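Letters A, B and C mark the chains as written, and numbering starts fresh at 1 in each.
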Amino acid sequence: MVKKVHPKLEEPVEAENWTEGIEQPLALMEQIDEDFAAIAELANHSVISARQFSREQLIQLCRLSAKFETQQSFGQFPLTGKILISAFYEPSTRTRLSFESVWHRLGGDIISITDPSTTGIAKGESLKDVAEMMNHYGDVVVLRDSNERAIYEMLEALRIPIINAGNGTDEHPTQALADMYAIFKWRPELMSNEVSDDKKITIGIIGNPGRMRTVRSLLLFLSRISQAIKEVVIICNTTESFSQDQREELEAEGLNIRVSRELEPELPDIDVVYINAIAWVGNTYEEHGIEYKLSKSSPLKKGAIILHPLARGEELSTDLDDTEHNWYFAQARGAVFARMALMSSLVRF
Amino acid sequence: MVKKVHPKLEEPVEAENWTEGIEQPLALMEQIDEDFAAIAELANHSVISARQFSREQLIQLCRLSAKFETQQSFGQFPLTGKILISAFYEPSTRTRLSFESVWHRLGGDIISITDPSTTGIAKGESLKDVAEMMNHYGDVVVLRDSNERAIYEMLEALRIPIINAGNGTDEHPTQALADMYAIFKWRPELMSNEVSDDKKITIGIIGNPGRMRTVRSLLLFLSRISQAIKEVVIICNTTESFSQDQREELEAEGLNIRVSRELEPELPDIDVVYINAIAWVGNTYEEHGIEYKLSKSSPLKKGAIILHPLARGEELSTDLDDTEHNWYFAQARGAVFARMALMSSLVRF
Amino acid sequence: MVKKVHPKLEEPVEAENWTEGIEQPLALMEQIDEDFAAIAELANHSVISARQFSREQLIQLCRLSAKFETQQSFGQFPLTGKILISAFYEPSTRTRLSFESVWHRLGGDIISITDPSTTGIAKGESLKDVAEMMNHYGDVVVLRDSNERAIYEMLEALRIPIINAGNGTDEHPTQALADMYAIFKWRPELMSNEVSDDKKITIGIIGNPGRMRTVRSLLLFLSRISQAIKEVVIICNTTESFSQDQREELEAEGLNIRVSRELEPELPDIDVVYINAIAWVGNTYEEHGIEYKLSKSSPLKKGAIILHPLARGEELSTDLDDTEHNWYFAQARGAVFARMALMSSLVRF
């Protein structure tokens, strides 16, 4: 009884057709002119907080992301000879692989620190000494650390840029950049200086805005395009949701924010649903809003898109994967080009 | 009292003379014509089971391996810009380094997942989601996993090729390819369509054919050249040796199989002795046939060769290392070229 | 209340001006002529002990280090296509990143073994078998192992060079090379065949010369330039300081050695202060001379330099960082170029 070869092995894998979905990044690029000066300002800057970016820099980075996405191949390798120090002190696969893949695609090399206990165990070695060491070995550092202040301490002695890949519960700016890139590909007109009322969007964020670094950075970026947003609805059922001054800062930038305890009544009016139930805190995770679930049977608005930084759990049902609402796969795919745009802008050639 | 420098340090290391042993791969290449079509069929296919390969593809892959082995250097780097996702969830050094070395030699880059617990810990993240992520970050995946079904589940969502580096107790096709390459270098005439009776070989396999993935894959490849094999003798002393339908499948392909509990009485008639006492199962290992040992005093047939995937234990004595029977070092060396042949065939440039 | 962006993020990072400090390596290069033959002898040699180097090879390696330090960029990548097997079995970040950074800067690729338990776990696999495996996968091995003899055992079967990155308490030759490079940049005249008495230096080494591999290798290198050294003062308060024959071997090479239990009375006469309180022994560390501390208030000689392999603890106060005595940062920076010089000399192109 000859066992058959698994049917999927009999055909070549269905490679991604690089032209599929190319109309979206092309449309984004046509929406605004290239402004290279905004990008040039970023050279050799560290990236820790979404606050660092002006609206112009944000939309130009997204335009540059689209430029990368529309290229069939990278004939040039701008990061040839450049070394990334990859320091992920919290468990991560997705974000780490994302950064490493991007760095390689652009021609660079990588050295890694995976176990922080091997770094300067000697009693009293300071983060400044670790930073001083990194100055000699690489051109850019990417750091994920459950200690929120670590990246700021290292700034004191670093002479190479450092990118925040998640510092405690504080921020995760590159993930938020990927989120914004997805939003702008979906509706390029949101990048305009002025957006008519009928085109403004309502964004629903399911989660705890004070405790989730992905949400914190995203809200800051959304405040840069407050003229395009009718309302941000935070779906959260804890009493304390925002951290101190967080809501005030966002409202001062022009964001209209409302908090609701209920998801289903809000959904029919929401254009962009952002959901993420897991917040990493050190080596464990907190669950936020785990009782809020999205599935095909949820009362989603027609044409609404769902964003999720992934990995997902039960809060986002797989039965949504084949619907028009699924923009979380496009978001993951676009994250690569968003990081390409950022990394290539940071490194001075 | 001046300490002397270790004598071995006073001379340069004896570099491998690349022309040494070159007559064997050259003879293999002369035995059959190149058939590029057979190789071209492999482009963009995943490799999970030895069943996927026809006899023609098997011998052409070995011919391509010989072509790599006879090249002094690789002036070209066909995998430039290509990324391998190296996912070894079971302990491995040998196989992992083998794949990584090959990928670098051909000009590619590598990103690694070494601790599966950092991948999608969020409750319920499916292997399909992990596969979807990998689609964005690399061009080929190589996976070793004690979960036999994992690689098949990932196939559902992967749009890039995946190579099985060992899935539970099921298969290890690239190791078996290296084994066949060693056999064909030793006796290129075994690659012919017809082999006269006096040239057919007897292969002795010491181990449990049902539980050892290296043996399972090897037996499948041997069944592709059943016309060149007089008999396969399985040396095994457990009652249950084959898994369900395993023996029937091989015999249906024309292999003559016999099982024996005794090693020494069989050895004088065996041309190729395959031995491997350790089968990894998760983070531990099972020992199979540990009571069967080979050493210089074993009644080996004159001209017989010994294959062992290494690492070895006491089942294979080091006193055989300097004898004509030692083909396990050549097998290890050839494994690099066998993987080069396979990897370069899979990736569509 | 809009939170401000951290001030350090508002400006680009202060990139290292590559011309800063360039006069020192330039002066070193002018001190002696290039003698390429001395370097050529090193091709394909393993590096385990500082004893392997003659005085001429030592100073030529430092001259080559200076050559690397004065290059603005590495237009060529001499290690293109070459693979380094990075095997760090003891915890390390600094030394490992140093080697990996250097190898990448010169264009090479790296494969790593980080967990020795995954290497040849099969009972009885010998280090010779591990070495045999490495012959197939790479061009150079770098090894750090708490087992002092491991590197010598592997020499038996290796056909590629191996570099000792620390073997138990025995030696750490590349660190000592970096130390010598710092000393020669500070005072190039010490490289001369003859050094007048008023120019000879006094070196103070705080630590246990028998138990600290960095010190052991450094003393051997210092014995190569004994004509430039007035005295080596070992600051150590244990009864047993030197290992057997260690002191005799150094004195036979012409080093004047004295041991003192007190630090402060010695400092005013010391030109080079070497301090390192931590000696790694396996997965833990021993502390040596932890009661000896250096700070701004120590009675340091004017113009004296402090060397420390880093990471540091409380034995070296940060208040010295901004003083003229701080040569430990320059030492760390120069270690990169010292390893470039060594690695590029070892690999036969």
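Rule of thumb we're sticking to: a contact is a pair of C-beta atoms (placed from the backbone, for glycine too) under 8 Å apart; a residue touches a chain by one contact, two chains touch by 3 or more.
Every value quoted in this text rests on a predicted model; they were computed, and no experiment measured them.
Participant: Counting residue numbers used by both copies over all numbers at the interface, does the chain A-chain C contact come out same (over half shared) or different (under half)?
Facilitator: Counting which numbers both chains contribute, under half are shared, so the two copies meet through different residues.
Participant: Given a C-alpha superposition of chain B onto chain C, how large is the rotation in degrees, taken in steps of 5?
Facilitator: Rounded to 5 degrees, the superposing rotation is 120 degrees.
Participant: What's the distance between the Cα centroids of chain A and chain C, rounded to whole Å?
Facilitator: Averaging C-alpha atoms per chain gives centres 41 Å apart.
Participant: Which residue numbers or ranges of chain C touch two or more of the other chains?
Facilitator: Only 114 qualify.
Participant: For the complex, give me every residue of chain B touching chain C.
Facilitator: It comes out as residues 1-3, 5-6, 8-9, 11-16, 73-74, 77, 91-94, 97-98, 100-101, 104-105, 107, 114, 277-278, 285, 310-314, 318, 329, 332-333, 335-336.
Participant: In their shared complex, at which residues does chain C touch chain B?
Facilitator: 43-46, 48-49, 51-52, 81, 83, 85, 109, 111, 113-115, 117-126, 128-129, 132-133, 135-138, 152, 155-156, 158-161, 245, 248-249, 252-253, 348
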